[in-house]
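Take a look at the structures below.
Note that chain A is present in both complexes that follow, paired respectively with chain B and with chain C.
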Partner chain A sequence: MSEASHRAQPPRRDFFEKVTGSAEFISDVVVPGMLQGRILRSTIPHGRIRNVDVSAALALPGVEAVLTGEDIAGLNNHWGLFLNDRPVIAIDRVRYVGEPVAVVVAVDERTAEDALDLIDVDYETLPFVTDAVEAMAEDAPVLHEKSETLKDFYFKGEAKPVPGTNIFQKYEYAHGDVERAFADAGRVFEDTFSFPMIFHYAMEPHCVVASFADGGLTLWSCGQAPTAIQKVLSRVFDLPLAKIRIITPYVGGGFGGKASVKIDPLVAAAAWKVGRPVRICLSISESMLTCRRLSASITVRTGVRADGTILGKAVRVVMNGGAYADTGPAVAIKAANRAIGPYHVPNLKLEAYAVYTNTVPGAAFRSIGGPQAVWASESQMDIIAGALGIDPVELRYRNMLKPGETVRPDLRPIDVDMAEALGQASQAMSRLDAAGPDAGLMKGVAVGASDPGIMAVAAVLVRLKIDGSVLVISNSVEIGQGIREVLRTFAAELLNQPAEAVYVMTPDTALAPFDWGTGASRSSVMMGMAIEDAAIDIRRQLADMAAAAFGVAAETVSLCPGGIVAGDRQWPFAELLHAHYGIDSGEVIGIGRISPHSRDGRLMQAPLFWETAAGMCGVELDEETGEVRVRRYVSVADVGRVLNRASAEGQDEGAAIQGLGHALSEELVYEDGQPVNASMIDYHVPTIDEVPEDFLTVLIESGTGPGPGGARGMGEGAILPVAPAIANALASRHGIRIRDLPLTPERVWRALQEKKAKP
Partner chain B sequence: MDATERMMLSFTLNGRPVEVDVEPSDLLLDVLRNRLGLKGTKRSCDVEVCGACTVLMNGLPVSSCTTLAADADGQTVLTIEGVAQGGELDRVQRAFVEHAGMQCGFCTPGMVLATTALLNVNPKPDNAEIRHFLRGNICRCTGYIKILEAVKSLV
Partner chain C sequence: MLPHRFQYHRPDNLEQVFELLDRYGDDVAPYAGGTELLLALKARVLRYEHLVDLKRVPGLKGVCESDGQIVIGALSSHFSLATDPIVKRLVPAYAALSDNIANIRVRVSGTIGGNLCFAEPHADPPAMLAALGASLTLRGRDGQRRVAMADFIEGEFTTVRGPAEVLTEVRIPAPAASARYAYCSFGHLERPAVGIAAGYCPERGTPHYRIWAGAIAGRPAQLRSVEDALEGVPPDKLGDVLAEAASAAAQELPAHDDLQGSADYKRHLAAVLTRRAVEQAAGLQPRRKAA
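After this line comes the complex of A and B, so read on.
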């Protein structure tokens, strides 16, 4: 529900395909002659592979090939984004339950599935460790004997592993003198919080079709970062980038679980082995064994004066990165940064570790490291408020950064007014309370500030056709966020053409220029800027043509719907292009390129913009069962500019309800090295009956973002405040302070009993 | 069981009679998607939890991921492809489009069909009834707020 007036905006064009079932998703793609692959996965958390016997599987009619680690000896068979630590398929060793050990390729999925049972793997088990803190102990089994870092490979920078240990990222930062600040502070609070592994559950499982032909490789992929996939495959198969083509149809959700690179090298290797196109579509249970959010243990020490002023803060983050690093090194850094909060912290010390364990590899997930960090830091804000007898909202105001002040001196000053966002949240909640019948709800609040990790590398092609239709070609992946509509809106606006004339192409690396990838709330801003430049490029070309053809002054030429104007004269595109080309055909191609040097270097400083959120909840607790219900929720975000209100609100709402799942139920559980709830029967995500009855999204349009018209990225912030807001609500009424997520009925009930036992 | 043992099914699919030979263990979802080419029905959880594979059998929602194709014999099945008539969206589809009740769209076919079934059995559901009935259809993208708005607009 929104209070803002709905602008008359036509619905997203992709909705028409999606609502009729005609939208082609990656799992719907059929490539002529394709075979189907199924994956045999490790059943043990850590061990050596002594032997894989595939003879019986190969003998099954319909089975075309079986890929194992032996087959890939001649390839560059390891890959990674920060560390070159991951085999395309297990070679000699497995490091987690679920790791791919063999791929059966057969005429259909059922035959391939049947053949999996016929493969015999002989393992020699090794000691394993699934907990990050245990994995840092001296006597812990070490998962990777060597570490080869890849500098500036995907993200800028490089991981700092600690050789000979499971630590694959160690990050430190400091300003001021935090120990001195603690000595000066009236009170120093130290609290440790834990955050579990969480599964993305994008509803469409991972799916890739790979085909080698004409000396090259074509992939239909679910990946959010086509050019990263292209780069990794180029190295694995020693193919020129120009011979690798990644096509990305509609993808049924990602949330980071399809970012960087996931199953693409494995599927490509299967196709390479069998010499025919191969499709592998995972089951959801297999997607659960493919990636998950990094779990974390976060200790926050905060020194405050009696009036609540923060003098210093020290944060120590230990993240469980799973068996392979993926983008875990970046997640650890972000978790540390995002634990600071939108507060003035004159003395700061950050320390973050990401650690290998024998669990599903960690990966990016909506606001990487953010929910983990904000869970800790915003829970502690209320602990401090309670101890000092200050209202929690007031404590936040007292420490809040004003726009233009810095979180860290080396980061871009905060470019949103967080106090305003918090104020809007309080007001919106008051309005809900005034309208709603039940005033007895417990209230909790939290805010979050995150620094999106945006690489300022993007480009777009915009082709204006003689008939006035426009084709936008980019590698931005439509994963549900509505990017195609955003690009359409920008192109229409910046070229002054009707939106109906603009079409956005399915991403295809053979046609679209390099783009870093879709994620980190970046695409609308980066591609928006690229389209700005492409539009300038098109205008200039048209102006030059008009000057030559019609003798007008080039600088007076501008675009109007369907054509150009100069002074009081107007020509349709057809007339101009006809005059220019001599035939009644043709087009003008504009290119927009963004690099760190664009916009006078203003894009160089990180972050490109701040993504923030304020959340306020009204909660009910059943003291008999410990069940928590969120009845009211207010989510406030400064999005710079609203391009499409329904889409923007939807992003915010979706993030908040994912946050609700994080808060109340979601957790991937390990026992004895085995994931025990890796199926949707046992893993509960929010259903429609759990949504707060009163939910209000407030979008602030400050116009201060770097994108066209002041737009900034969005879609990640609203997930941040949910869990701490709920925990803070419980603490405010019942005096229970829960430091571990999720807030399951059992956990809450136990906390209540403990509280009653020793009040 | 002999893998070559097959059976012939005939049922009404989206208003038209179809015949298809299947194995007794074939799932309705696979037959719709792979044999009949109707890819609008989606597979997600495989275990009757998410509703992405929802189709209507005789007007009632079933999870085609756990329904044998054989059970469709002689029945009337509606998939998302059969909802719009003559290229015109029906009112449930229109409501989802107008209220932006989707993002990635992977849950949408199931949501539209479940909503259709709800309104068939209960044309005027209240909020609690809507929330209860659609509990078996997960959407991971929207947070359900806009889906609820879409459904309420039809009541």
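After this line comes the complex of A and C, so read on.
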């Protein structure tokens, strides 16, 4: 919680529904005639499917249908976002343990699950590879023989696969001459870091209900990007977009694990096969086999002068993308960019690869590529500081970009004051130390700068009713982050109406205009701007009506709570609309549309804004067990403007604690091609006991963002600095430099042992 | 995931329980808190056609003192033991252990009997109960028998309990007023990787120690060599004797590499925790080097 006094703000409307249990989550959706599906998954990492015998399963009473690869021959049966590489259901080959091979559709979940045991799959095993570096070797088994790229499909640009290899994305960038810079530099540091696969762990697993009717398809989906799902389904089933409807009730968390498209085509195919609505709700263990963060090996070479000035930096990222590309190509690019840091790097070379392996497909995850990149680059900053005998904070200040300076000449100049953020972090930590004497805690620091991949494509409908109530209709998904409340706040503010009068509708693509999706810290800013435009639209219509009805000058008309004012005269909406329509009924519909051309083209340059964070930790180490405890943590971010303090702090705290899991315990482990801890019993997410006793979020309100009132996006920054800050703290006190995550007690203990062995 | 269909029985006395266990043989399991059983059924690693709920059977829950023994009903939850006045007064270390098991939801439903009968190696109670010299009462149709805690668990997920027997109570001899116990465990996942129970039991001025290691292997192991090394050594003289004996004994413990850690690391933990548990039991400030 911040120290700042909490503005009197009514609690979020969804809180009440959620706390009382009346909120309808996707897993609560019931559609008449709905059947239940369960998924049979591959037990081998790589192989050909010789035969799937479903006869015994079909004979089980209550089983209505079994979908297998054979059924989908007539569909456009592969899909993807960057590469058209993924079958709706395994057709003749499986590429990872957990890949869907059959779906049983039955009258209830238990019958469907019982039937899974009765399906017999005959596999011919193929050689497999689960490690990305091994997958890049000459003789590695190749997972996909051909690759079909999809240019500008949903993301701008296209992936650059290397034909005949497992590399599905190769990205390169350079400015200046990095080798020359290294030759000029006094010292060149080269360090390689690894980052594991991490599971999103949204509390609600993936769940979708699909129903074909009236020549169209309706989906109740947990997806964060309803219009992406719509597009993919339109291709798979050859249906017009106008006949595909995606409805998105409350979603129980996503963190990117429900971004773009996940199980939607599979559930739709099951419904298509059986000819009745089908619901599939995964277990958490199955969600763990659905997607995960891309693991990475990152090598950073940095050339510095003796005074610590960075002259050049070369970054090489190899990411394990799993069996299907998903959004991996974008993740790889972002990982490269996010390894730069908020620093002057006059000579820069970036190289990133995303590679197929026989593992769960990699996917977007809160700050795509960011934690991987910042783990490497911010750990190395402290290595450099240590070697040059410069204080780590001072080294960062010396290289820090000032607002308006560029990270890369082709990107938007940095629009936050990182030095201020770092300063605020130090001050806040000092305040904590003063309040509770510091008990010898080790301190570590790190910063992160990320370039959210925001497509400036969004639109909203705002309907002002005659009684003054307002309905906001958009495709922004309420996934726990509080977007509905933000839209409510913006609509109330921009229409000058009380917040109680504003209602935000459940997203439904049949009613709400196209929006790119909920992710990349974009919705508050993008939908905020759209509402800004919709409010202007509404004011203009009301002003024209008032001019005609009451003879006032249109430009003098503005909104007041419940009505309009012009000069010293005031009319309730009812009077104005009654005069206009001739009946005491009606509404005014405002439309807000945002495209790259909006705001005089200012939205065109990437990123739309920079999302940054400074983190500082106070850590305790039990040298005998290797256990690391983070006692104090300070997280600082410039969010432009705080729209809802509880939500904003919640986002910041949530991101940091998720980062704590990345740092200390989380890792999906593979052995012999099998994920060995894909359950919440063996995979440890931080509990309340591991959360630092003192946690301070400092939100800087610089008002410099592109959103209404200077709002910027947030919620993905605080995850960045946590792991390197902790590792830096350990290094500063104990001289151990750990380059692999997570910092498990055993790993820390071993580092201490090694240190003792060779002092 | 969902379990296979099973029939649920809720008898209200032990006779009916025995009758059901008898009738269904391999197809039946007693059901207490369900925190292990239901998970295993859902994961479909276990399958039973019948479950016999023990929760309605009177007399299986609660704690009393009888003949110098603390008698704990097998259906007592970890939470109830963590807060029980008798347990807190006579074996506070066991109350503390109970308070530290899992999370509050598991503590409230999970029972001491279920924990022991499941014999999942990564558990806290067995080593401590062994150190306390506890015995277990097993009842079947043909009567009852007492088994020492030390002999109850045979290995991972196996105990001497017969299929038609029910664990009804755990009996702990009330420790002498001068005795003190402590339990130290460690693990970075949900359950303990290693747990060490230690007792300091002076008799007529001569210190004796009882030390058991749990979780690290398939069954709790008594660290006799440490007990012997410390025999008669007063707390203020434990010093290096303890550290050396603990390290030596830990090296002998059967351990294997798994998600909880490598075998050598777990042996190292066993040595550290042995030292800490003995020092705590002996009333010394733990010599814990926190940076």
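Structural remarks
The criterion applied here is as follows: the second predicted complex is superposed on the first by the 757 of 759 C-alpha atoms of A that agree within 3 Å, B and C clash if a C-alpha of one lies under 4 Å from a C-alpha of the other, contacts with A are read in each partner's own complex, and residues count from 1 in each chain.
The rule is simple: a residue touches a chain if its C-beta (ideal position, glycine included) is under 8 Å from a C-beta of that chain, and two chains touch if they have at least 3 such contacts.
On a predicted model such as this, the values are computed, not experimentally measured, just so you know.
Judged by the touch definition given at the top, the superposed model places A:Ser285 against both chain B and chain C. Once the two complexes are laid over each other on the shared chain, residue contacts for A:Ala655 go to chain B alone; chain C is not touched.
In the superposed model, A:Val133 makes contact with neither chain B nor chain C.
By the document's definition of touching, of the two partners only chain C reaches A:Trp749; chain B does not.
When both complexes are overlaid on chain A, the residue A:Thr687 reaches chain B and chain C alike. By the touch criterion defined above, A:Glu620 reaches chain C but does not reach chain B. More residues of chain A are in touch with B than with the other of chain B and chain C. Of the two partner chains, neither chain B nor chain C is touched by A:Met604.
Once the two complexes are overlaid on the shared chain, A:Gln481 sits against chain B while remaining clear of chain C. Annotation: chain A residues 283, 285, 679, 681, 687 touch chain B in one complex and chain C in the other. Those residues of chain A that touch chain C in the shared complex are 109-110, 113-114, 283, 285, 440, 442, 620-625, 627, 664-665, 669, 676-677, 679, 681-682, 684, 687, 733-734, 744-746, 749-750. Residues 1-2, 4-5, 39, 43, 103, 186, 188-190, 259, 261-262, 265, 268-269, 272, 288-291 of chain C touch chain A in their complex. Within the complex formed with chain A, the chain B residues making contact are 38-47, 49-50, 52, 79-81, 83-84, 89, 93, 96-100, 102-109, 112, 127, 130-132, 134-149.
Those residues of chain A that touch chain B in the shared complex are 1, 11-12, 14-25, 27-28, 200-205, 250-253, 255, 283-285, 479-482, 646-647, 649-651, 653-658, 679-681, 685-689, 691, 693, 695, 697.
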